[in-house]
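Shared between the two complexes below is chain A, which pairs with chain B and chain C, respectively.
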Partner chain A sequence: MNKVMSNKWIIFLYTFPALLLIAVLIVVPLILSGYFGLMDWDGIGAMEFIGLDNYIAALQDSKFWESTLHSFLLALFSAISLIGYLAVALILASKIKGANLLRKIYLIPMLLSSVAIAQLWIKIYNPSNGMLNSILMWFGVDNPPAWLADPNIVLYAIFIPIIWQYAGFYILIYYAALKNIPESLIEAAKIDGATPLQIALKIKVPLIMNVFKVTIVLSIVGSLKYFDLIYVMTSGGPNGASEVMASYMYKLAFSSYDFGYGSAIGFLLLIITLIVTVVIQKLTKSKDEIQY
Partner chain B sequence: MRRIGYILLYVCLGLVAVFQIFPILWLFMFSLKTNQEIFAGNPFAFPTDPKWENYLKVFDGGIGTYFWNSIWITVVATVLTILVASMATFAITRMKWKMSGLVLGLIMVGLMIPIHSALIPLYNMFLNVNLIDNPLSIVITYVTYNLPITVMILLGFYTTIPREIEEAAIIDGSSIHRLFFRIILPISAPIMSTTVIINMIYNWNEFVFVNTFISSDKYKTLTVGIQNFIGQYMTDWGAIGATLVISVLPIIIAFLFFSDKIMEGITASAVKG
Partner chain C sequence: MNLRKAITLFAVLLVSVVMLAACGGGDEEKESESASGAKTVKFMHLWPEGSSAQHYKVVNEIIADFEKENPDIKIDLEVLSNEQYKDKIKVLSTSDELPDVGMTWAAGYMEPYVKGNMYAPLDDIIESDLSDSFVSGTTEAFAVDGTTYGLPLELNISTIFYNKKIFDEYGLEEPQTLDELKEIVATLNENGVNPIALGNRDAWTGSMWYMYLANRLGGDEDVLTKAIEREGSFEDPALVQAADEVQKLVDEDSFVQGFNGLADEEAKSMFMGEQAAMYLIATWDLPNFTTNEDVPQEFRDSVGYFKFPTVDGKGDTNSYVGGPGVGLFVSENSDVKEEAKAFASYFVQQWGERAVTDVGIIPATKVNVDSLDLPQMYVDVLNDLNSATNITLYADVQMSADVAQVHLDMIQALFGGEITPEEFAKTQEDALAAE
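Here is the complex of A and B:
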């Protein structure tokens, strides 16, 4: 039995396809990205080694810093909005009739492609005929903003469809975690005279803290990689006001054909994402595991 | 007092539901309207005389090619991903070897990395082997980049398969391949169906790889194809609406039938801690 289940040839045969694909199409490209970052290269012609020039240029590139700032702002918004999703999940999990149907409805936007969502919200935000401004004018607002054309509000305008897209996802996760709390704990608290609000904040929330911490990592790291929706909605505009790290990298590589510099930015994106992941995991690491 | 509290809670939940669902309803409605109806009329009104011609126009415009590409690429990539992931998960969880943890860790690296960091080298590699503007590049990238999440979802189930099942099969003289294909794969059908649905949604909605690696219209999938369409219909809102509805409808129909599986898959894919 043991001999059969530790047959080296079989193990190799079964893991080789997965390992080959991961190595060639994920690991090697990530390393190459750092390497290409050392080159002056238009993607077609010969590469010229220029050392750390691209990385130094990135650190002095105000557009890079601006797009990084925007990415981090989106990450911050995303993390804060988790509190709202948690509140909805707490309500939903407190013996609400139709909770199952509601969480399904909440989840629908999450299933649509970011491209479709972006195109739909371009229409919603359309200054003269969009749904949003139609409603605003109906309420008597005379000059509703041109949401995606105004550099001061475009980033916030983009954040609304992001909330729309992900709300159902986080509510679903919190709801599942809340439903795992043993009923006996809640009953005991009720007998001791705890109000529903106290039960929610002092018992339920601490008990699902581990799940909440996972979602903090998910939302922040996810935001740093954000691309599709922004690329389709504004392609970083107007004038860079909604540029994020991934869209800036994409533009450098596939619009300006600056593959060397684009690779350097792509590699920095990787490093930043990894650092942030480690830092948040350290910060949110619980000292004691909750038992119940 | 309690009653009022409960009513307030329901109102909150209802408002969230309206916020989530209304944009989609609005999309369906304007896909059936003329421009005059959209621009002059009430955004909440149902179309007075539904313009199904909008949909005909989009199909005549050639959205069928994109639709077909989305279907076959989604299906082929999903089948391959699940086969490769199941084999790897089987070897990692059921076979006895020292490096299994390391191999699992390597596969899981893919969960964290931003795909944009790998995009330029990937593009360059495909260019060198003549796979740019070839759907094969899309299929193998989909398979690779969905492997980590698929292995993660399968992992939980595979570790709970009782040893006795394997022992019985081996004692009966079954080979490992027979054990895997005839016993392990069939009993993992429920969890496999979860990974099928998650892979299908991911592949159907994927944008960056197709946008970067594919340039010919004949190979584009819906996510990239609808970009062309919308550019071409510029001001014809009805046609744009119809294009978007066609692109999201398969997913919404799938959700109507498989919502529990989809929710299970999404929950499983998130809680990786």
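Here is the complex of A and C:
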């Protein structure tokens, strides 16, 4: 195998198809969308070059900044929820009864498509027939909120299914990482008289810190460009109360037929995500590599 | 080791070949098409067999008849569902590959296509083949600067449908004025019945309520259309007052709880599940209230409709909010433009009667009611159409796409009580003025 890997041609042959795909499907459209952002274009007729006008308009567009704020709120909530996922994974990995079954149950939301999840939660949130309000009324709440209609609540109401949707994914990652910790370390700690809590917080968590950092980046980047549930459940409404960057971009390009402006927003979304990713990686960088 | 190397090389080559073959696929298809002798007209429509079985069947029958009468023309059909259709047309238009005949929406939707010289003018066939066959006001919606670019297929007017059973139970009568409607709402609320089903997540639903109030308050003058066409202002007193009336209706709990978060489909299922007494929708839903076997007979029998009432003694109940749905366009850059026009014209002539009897939609072409065996509600609607004094096209269709988006957002904000009627009017006036 080493011989194969030292041959430059073989390396090229292995990586070229994937590189070509990435170039054609991702890099080229990215550059194009930055370019379209310089145009006044309705997506159909002729394009007109207008320089940076779209980008300047976006930076002064209060709706854009509002949707950016919503995206960052989602990122914050997703990042915080990682701690919950980690706790569940720690419990699952500590050989409790039925851990195997529970792990599979937690994975179920991952297997559902986003649209199915959205439809499910639309039913749950239905103000007069929904499960949630029926339960609240049963407990004696007189005027349960209209979850997806109230501009003050709607954003958080959608965060819940989003966080629920990805629970299985992160729990699985943490579970795998935790199972990778050598048993001898845990036994040694036990002999030294460490309590289960100490083992979890002082040995297990620090040992999977690298994995945890990767999931932070994954969840924040994923949140910033999040689109599916929001689009299906509210399409960003009412009146932009649940708009995020990606749904705002979609709305501009495909509902308002302002393709140039939509592309500019898309390009800004890319830049914002890039900056955030770099900052997080800088912040979470550690010097010592863990060796088992 | 050599064997392994050979296998990996082979695998890589295989992948590359498959990819290349996939890329080349498109070209081969084209060649086979041009090779065949007869002229091929590409036709795309948005009524797939799954969701619109009746539409689909009638379209196929018309195509079969056309091909029989014109043996040298072959129709190449592609069917997509609504949203996918919109997306695909948009993509095809950027690469100048629109189908020879396809479907389009009116006014604001088609404007960029017309400006981009994508649609062929159709006035010649309207004058020769189709003179006097359209209901007045329908082809106008497909005209830009006096030239018609689409042949309308559907026509819808909106009315308030209501549940007779619920109305009888509380001794209610069809309202003639907004005040009577408000009394009905109050009675229903006292008895714990949801008065009006509204799914305002889609916002065009709330827009219909607003448009009717504006129309009634504006009297004979179509103030809303004037404001949109920039002959008047959106800050017209009637338009502001209509917004105020909307908020009064909301304050009196006229609409189901949480309507701003409900889709139209959800509101419809509340009305059809007899959880709400009234529902303002256009006549495209008539089959659900008359012929659709999937809806319980008992419910269908209990549905009636009334025209939107007058407001403060103002307005004409024979003036409707509505408009044509989809229409046919012919591609300007088609290689077989004459054949495509012939097909579009043939399609419209055949569509009318079959549309109303087999599909259950109101066509944009005139239909002789007497010779057809139709459910009573259809006869009533068709008669109402004959005596209609005015049809105001849906605001979000009249407006250009980006102003329509502002309008829809403002409708949600207005119904949600986030803004005052004055702010509502001013924001839209600004958006219209900025164009």
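As a convention for this text, the second predicted complex is superposed on the first by the 271 of 292 C-alpha atoms of A that agree within 3 Å, B and C clash if a C-alpha of one lies under 4 Å from a C-alpha of the other, contacts with A are read in each partner's own complex, and residues count from 1 in each chain.
Convention: a contact is a pair of C-beta atoms (placed from the backbone, for glycine too) under 8 Å apart; a residue touches a chain by one contact, two chains touch by 3 or more.
These numbers come from a predicted model, not from an experiment.
With the two structures aligned on chain A, chain B clashes with chain C. Within the superposed three-chain model, A:14 lies in touch with chain B and with chain C [touch as defined at top]. Shared-chain residue A:235: touches chain C; no touch with chain B. Shared-chain residue A:105: touches chain B; no touch with chain C.
In the superposed model, A:256 makes contact with chain C only, not with chain B.
Taking chain B and chain C in turn and counting the residues of chain A each one touches, the greater count comes from B. Touch criterion met: A:92 reaches chain B, while chain C stays clear of it.
When the two structures are aligned on the shared chain, A:149 is found in touch with chain C, with no touch to chain B.
By the touch criterion defined above, A:43 lies against chain B and chain C together after alignment on the C-alpha atoms of chain A. Once the two complexes are laid over each other on the shared chain, residue contacts for A:211 go to chain B alone; chain C is not touched.
With both structures placed on the common chain, the touch criterion links A:127 to chain C but leaves chain B unconnected. Clashing C-alpha atoms with chain C appear in a single stretch of chain B, chosen from 110-118, 164-172, 200-208 or 254-262: 164-172. Across the superposed pair, chain B and chain C both touch chain A at residues 1, 4, 10, 14, 17, 43, 128-129, 254.
Those residues of chain A that touch chain C in the complex are listed here as 1, 3-4, 10, 13-14, 17, 42-46, 122, 125-129, 146-151, 154, 234-235, 237-240, 251, 254-258.
By the touch criterion given at the top, residues 9-10, 12-13, 16-17, 19-21, 23-24, 26-27, 30, 38-39, 42-43, 84-85, 87-88, 90-92, 94-97, 103, 106-107, 109-110, 112-125, 140-141, 143-145, 147-148, 151, 166-167, 170-171, 176, 180, 201, 204-208, 212, 222-224, 226-227, 230, 237, 240-241, 244, 247-248, 251-252, 255, 259, 262-263, 266-267, 270-273 of chain B touch chain A in their complex. Within the complex, the chain C residues that touch chain A are 1, 4-5, 8-9, 12, 15-16, 19, 87, 90, 93-94, 112-113, 115-116, 118, 194, 200-201, 203, 256-263, 266, 270, 275, 400-402, 404-405, 409-410, 412-413, 416, 418. Here chain A touches chain B in the complex through residues 1-2, 4-8, 10-11, 14-15, 17-19, 21-30, 32-33, 36, 43, 88, 91-92, 94, 96, 102-116, 119-121, 123-124, 128-129, 131, 134-135, 164, 167-169, 172-173, 176, 210-211, 214-215, 218, 221, 224-225, 227-228, 232, 245-246, 249-250, 253-254, 259, 262-263, 266-267, 269-270, 273-274, 277, going by the rule given at the top.
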